[in-house]
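Multiple structures follow.
Both complexes below contain subunit A, partnered by subunit B and then by subunit C.
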Partner chain A sequence: MVDRSRTLRITTHVLLVLGVLVIGFPIYYAFVAATLPLELATRVPMPLVPGDHLMDNVEQAWRRGDLGLQLFNSIVMALGITAGKIAISIISAFAIVYFRFPGRMLAFWIIFVTLMLPVEVRIVPTYEMAVNVFTPVNRLLEVLSVPVAIDPLGYTISMRLQWNILDSYFGLTLPLIASATATFLFRQFFLTIPDQLAEAAKIDGAGPLRFFWDVLLPMSRTNIAALAVILFVYGWNQYLWPLLITTDREMMTAVIGITRLMPSPDDAPEWNVAMAGALIVLIPPVIVVVLLQRWFVKGLVEEEK
Partner chain B sequence: MLKRVLFRNRWLPYALLFPQLLITLFFFIWPASQALVQSFYATDPFGLSSRFVGFAEYTRLLADPLYHNAVLRTLVFTFFTTSLALAAGLFLAVYADRVIRGQNTYRTLLIWPYAVAPAVAGVLWLFLFHPTYGALALVIRQTGVNWNPLLNGTHAMTLVIVASAWKQVSYNFVFFLAGLQAIPRSLIEAAAIDGASTFRRFWTIVFPLLSPTLFFLIVINVVYSFFETFGVIHAVTRGGPGGATTILVYKVYADGFVGLDIGSSAAQSVILMALVIGLTMFQFRYLERRVQYN
Partner chain C sequence: MAEVRLDRVRKSFGSFEAVKGVDVTIGDSEFLVVVGPSGCGKSTLLRLIAGLEELSGGDITISGRLVNDVEPKDRDIAMVFQNYALYPHMTVFDNMAYGLKIRRLPKAEIRERVGRAAAILQIESLLERQPRQLSGGQRQRVAMGRAIVRNPSVFLFDEPLSNLDAKLRVEMRVEIRKLHNTLKTTSVYVTHDQVEAMTLADRIVIMNGGIAEQIGTPLDLYERPSSAFVAGFIGSPPMNLVEGEIGQGAKSVVLAGGTELSLNSPLPQGWGGRSVTVGIRPERLRLDDSKADLAISLGVELIERHGADTVIHGVLPNRERGEVIVRLNETPTIAQTDRLNVKARTADIHLFDAETGKRLELEKAA
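Moving on, here comes the complex of A and B:
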């Protein structure tokens, strides 16, 4: 009964359509540029009607940016982060909710801390970790001065472990898969599951792992799907971390790769190619979000609870 | 809240927690503690020697006009990015909430910029604002402003603010819309019967009921502006021109990774960490209170 007047309804739609157009304009403009040959893309003002050079520009961007390889790296990174985060978070939440054990609260707080330490605030030391993952172990061995072997002349040979994950898929995914938000999401969900289920499973003789696999996991499907959409976008759009640890072109991810297609002031201003590249890179996560919108909105809202 | 039925097993819970804790210790807690340690040492750029200098890095930093500059830039950047993204998100959500048919279509059409990487958003907006070829630059130039974000610091700042805010509008939109839909219709209808205008109803009923969502979003948007916009800055301006868009997180990167001033970068990291810890605590305390009210 509140203001169902015709004019108000029309104003509402007009304003929303305007909003959609303003929000969508950068993409439309990029799309038009990506369909134009160089001489039209650099004409001032640039035409706002698409041309017929889309495939040419896409091909140029693909070849020059080595996008085939970089998109593959991005997919590996995004899927690796998604699967990794979900896997380690769901089992952590299971441990925290369904068991009582010494150190439970400590574990909970250690996981909580990750919320407060985004990679952006500890750039250099995290990079040093990627240079050698065993740095803390080596430091520990040093402090304890564990002699691995003492040769007859009395020299102490100390052991140093070395594992470099720069320019590797391990490096791109492993350091990013700890997740407090995902763990808390699953914890929250497990707490809503009635105790009777676990009781029944116990009576039927199922052990904890059996209960997890046959009961909890199937029940968590919706949550996993919702989280997966968000994590995929998160993984795909990573910038700082891959920037730090990849120097090899073969290991670069697409989001970083396409920024290199941007013409510098000395080059030919091939914005049409740059925009074609940008579109290729932004399409996969956009498709995921739009197609799985229902899961996405659910995941977004629940993640913050 | 505790579960009554628990499984008993001596080692299984530890095994289940092991991967998460291992990664957290190695890639979060250890680097953070290293940043803390390094911030008390002066290290030469080649990492060959270091000596304990106490709080010298901090005092040097706090006296450094370049750091003051970065703090100021960050505040300006955060204020405008957050306000713009929140205002646009709220505006769109208020109107989308009024729509009865077609709401999902609008939502789909407004939600997708969330999926665009900050760096890619930066690239798109750089093209729009490009002094020679950009459509928006052309419009601005016609108003008599000599628009050039590649040379003018204020223009560059405007560019990164708009690009960063654009990407965040969808996120705010989703949460504002959810918040609006949770407000009971009866309240608004009662006010309408009492003769309150649309405008008045919004400010006296809807807006106060939306304030928990608003506060939550402010925290999220501030964190976003502080940290996640690194991609926009790095891809578009590299902190320039002349340091005009060097926000704190970019400075940590530039000083530590490019300039190899490890001590200073570490001290800056520690200051930022303190900030995130403060923000997270604030968010959690406030969220707890909201749970009590409900």
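Moving on, here comes the complex of A and C:
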């Protein structure tokens, strides 16, 4: 018995170490590349020990990639997506669990079905919407051919509404903040809260909003923190959508910015600078994970009783 | 002042009728216990009084005010739940103060009221703790504290002791009654435990399938159960109920299995041959009784010696399932295999119609 559990332990440890190596090695390799001067970084095979050019490369990457502005944009976008997703999903879950209204289950299933429609799938219509938020309204007006006013001379004046959100923080975040997953998580959590708690609050004189604010929200703290970590990383890593809707350099995000540090065939193959840029962009999500990981684990492992 | 009046109160969930027309008036400072088996509609009735369920019919009046359409918070009631329903992220103090804060009472008054309630319930040392740091009994005290600080006209309790262990339950039961003697707040208390009902209540409503079977003082229910259901629910061990028939000539009752009990006062002539359920309390069967006029012979199946009393499970002759329980407050020397001759008085015999279960009045008949 002892022997068997020992082999088991050794095997699991070996597997874990291998896993860490497989995941960790590319990151280490990127780090090494970021510390080397150009000659060493392009030699084949590349050395495995760090060099002393880290600060040079970082500075180059920062300047050439305009990373300061882009990191700022990324942070705004990731925070916007995180806050927006949590706010919308917790309110939707609250409505679905605590209110009885016609079409409640339908609403829930519609939200649930959107799980199958990530940005990549709905990117064309979403882009069309970003060009003009009122597209559906305009279409509807066209179909119904609603004349807004008829001129006495017989001209029909039709109306088109126009609101373009390309190249704006709004455009970067808004189309991404609906979240079926988060709504579902909050719903499941609310369902575990005994009905009597809501009834006690009702008798205490708390209206629905007060109950939400004073009781549900504080009780959801760990869940919110856990979700915030996942959603921040999700928001930070967005690539396709920002690529599509930002053309203005001022609005570009860091994940897109580092692709512009990648050497093109005609340039010197400055992989050391590209890797330094990648490392910089890696830092904010790492900070968020490290800061919130205690909550993250708590939120996933134990539901507050 | 705070009188609660229920008038033909009904509640349906879809096509299922959970409460089928209950009439009862709970007097000022009265402690009314609603008791009955699980699913009989007790909680629903309480929740109707609280305003947590909408009436399907009838009227509810609190302190003379019709409250059918009044929100729970405006009914001047407080409720204690079985699972305590404390706010898990708030301290004990905040749990108790929450309702007062919403009512925008001045801070000083909130502190004073919570302090006073905590003193009554002896939880002053717990005020800064969170519910999860408390034992079940302490949580229940906090839940009661939350009700007390509001100083409502009516307390509503829904099985508040069911989640506690047996010993604590007995202690808290005594405390709740003492608390009532001090505060004298009109109370409605729901339980499925007839011992709790008998010890706490000024009056009891015993419910069965959404109907109030009987309303009366604990002794009323014990001495004159209005139906076989009530007779079998109240008392521990509960009343013995045996099928039987009124003898030809209406001068005796014949128990299933053939034992004939001749009554010293005859029943109405028309009753001869009628099927009945015969009831007698285990503690009204005795080994020796100079005033007894009835005798029953039993086979002994099991003897439980509790110390203070002895409970004998006996069986009528010629019957597999005509069990009769005898409770003696002595410790007789009998062996398992003995036959036992027990005595009873005609006055202690209860008769119920076999079909409707309704009580047949012996005295009136006589």
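As a working rule, the second predicted complex is superposed on the first by the 271 of 305 C-alpha atoms of A that agree within 3 Å, B and C clash if a C-alpha of one lies under 4 Å from a C-alpha of the other, contacts with A are read in each partner's own complex, and residues count from 1 in each chain.
Simple rule for what comes next: contacts are C-beta pairs under 8 Å (C-beta built on N, C-alpha and C of every residue); 3 or more make two chains touch, one makes a residue touch a chain.
Being a predicted model, the structure only gives us computed values, none of them experimental.
Once the two complexes are laid over each other on the shared chain, residue contacts for A:Val215 go to subunit C alone; subunit B is not touched.
Contacts of A:Ile203 after superposition: subunit C is touched, whereas subunit B is not reached. Looking at the shared chain after the overlay, A:Ala268 reaches neither subunit B nor subunit C. Contacts of A:Met105 after superposition: neither subunit B nor subunit C is touched.
The wider contact with subunit A, measured as residues touched, comes from B rather than the other of subunit B and subunit C. Applying the stated touch rule to the two superposed structures, the overlap between the subunit B and subunit C interfaces on subunit A comprises residues 199, 202, 304. Residues 50, 52, 71-73, 77-79, 81-83, 85-89, 98-99, 102-103, 132, 146, 150 of subunit C are the ones touching subunit A in the complex.
On the side of subunit B, the complex with subunit A involves touching residues 1, 3-10, 12-14, 16-17, 19-21, 23-32, 34-35, 38, 88, 91-92, 95-96, 98-99, 102, 106-121, 123-128, 130, 132-133, 135, 138, 150, 166, 169-171, 174-175, 178, 185, 188-189, 192, 198, 216, 220, 227-228, 230-231, 234-235, 249, 252-253, 256-257, 262, 265-266, 269, 272-273, 276-277, 280. Of all residues in subunit A, only 194, 196-197, 199-206, 210, 214-215, 218-219, 221, 304-305 touch subunit C in the complex they form. If you check the complex, the residues on subunit A that touch subunit B are 1-3, 8-9, 12-13, 15-16, 19-20, 23-27, 29-30, 33, 41-42, 44-46, 48, 87-89, 91-92, 94-101, 103-104, 107, 110-111, 113-118, 120-129, 133, 135-136, 174-175, 177-179, 183, 191, 195, 198-199, 202, 207-209, 211, 233, 236-237, 239-240, 243-244, 255-256, 258-259, 262, 265, 269, 271, 274-275, 278, 281-282, 285-286, 288-290, 293, 296-297, 300-301, 304.
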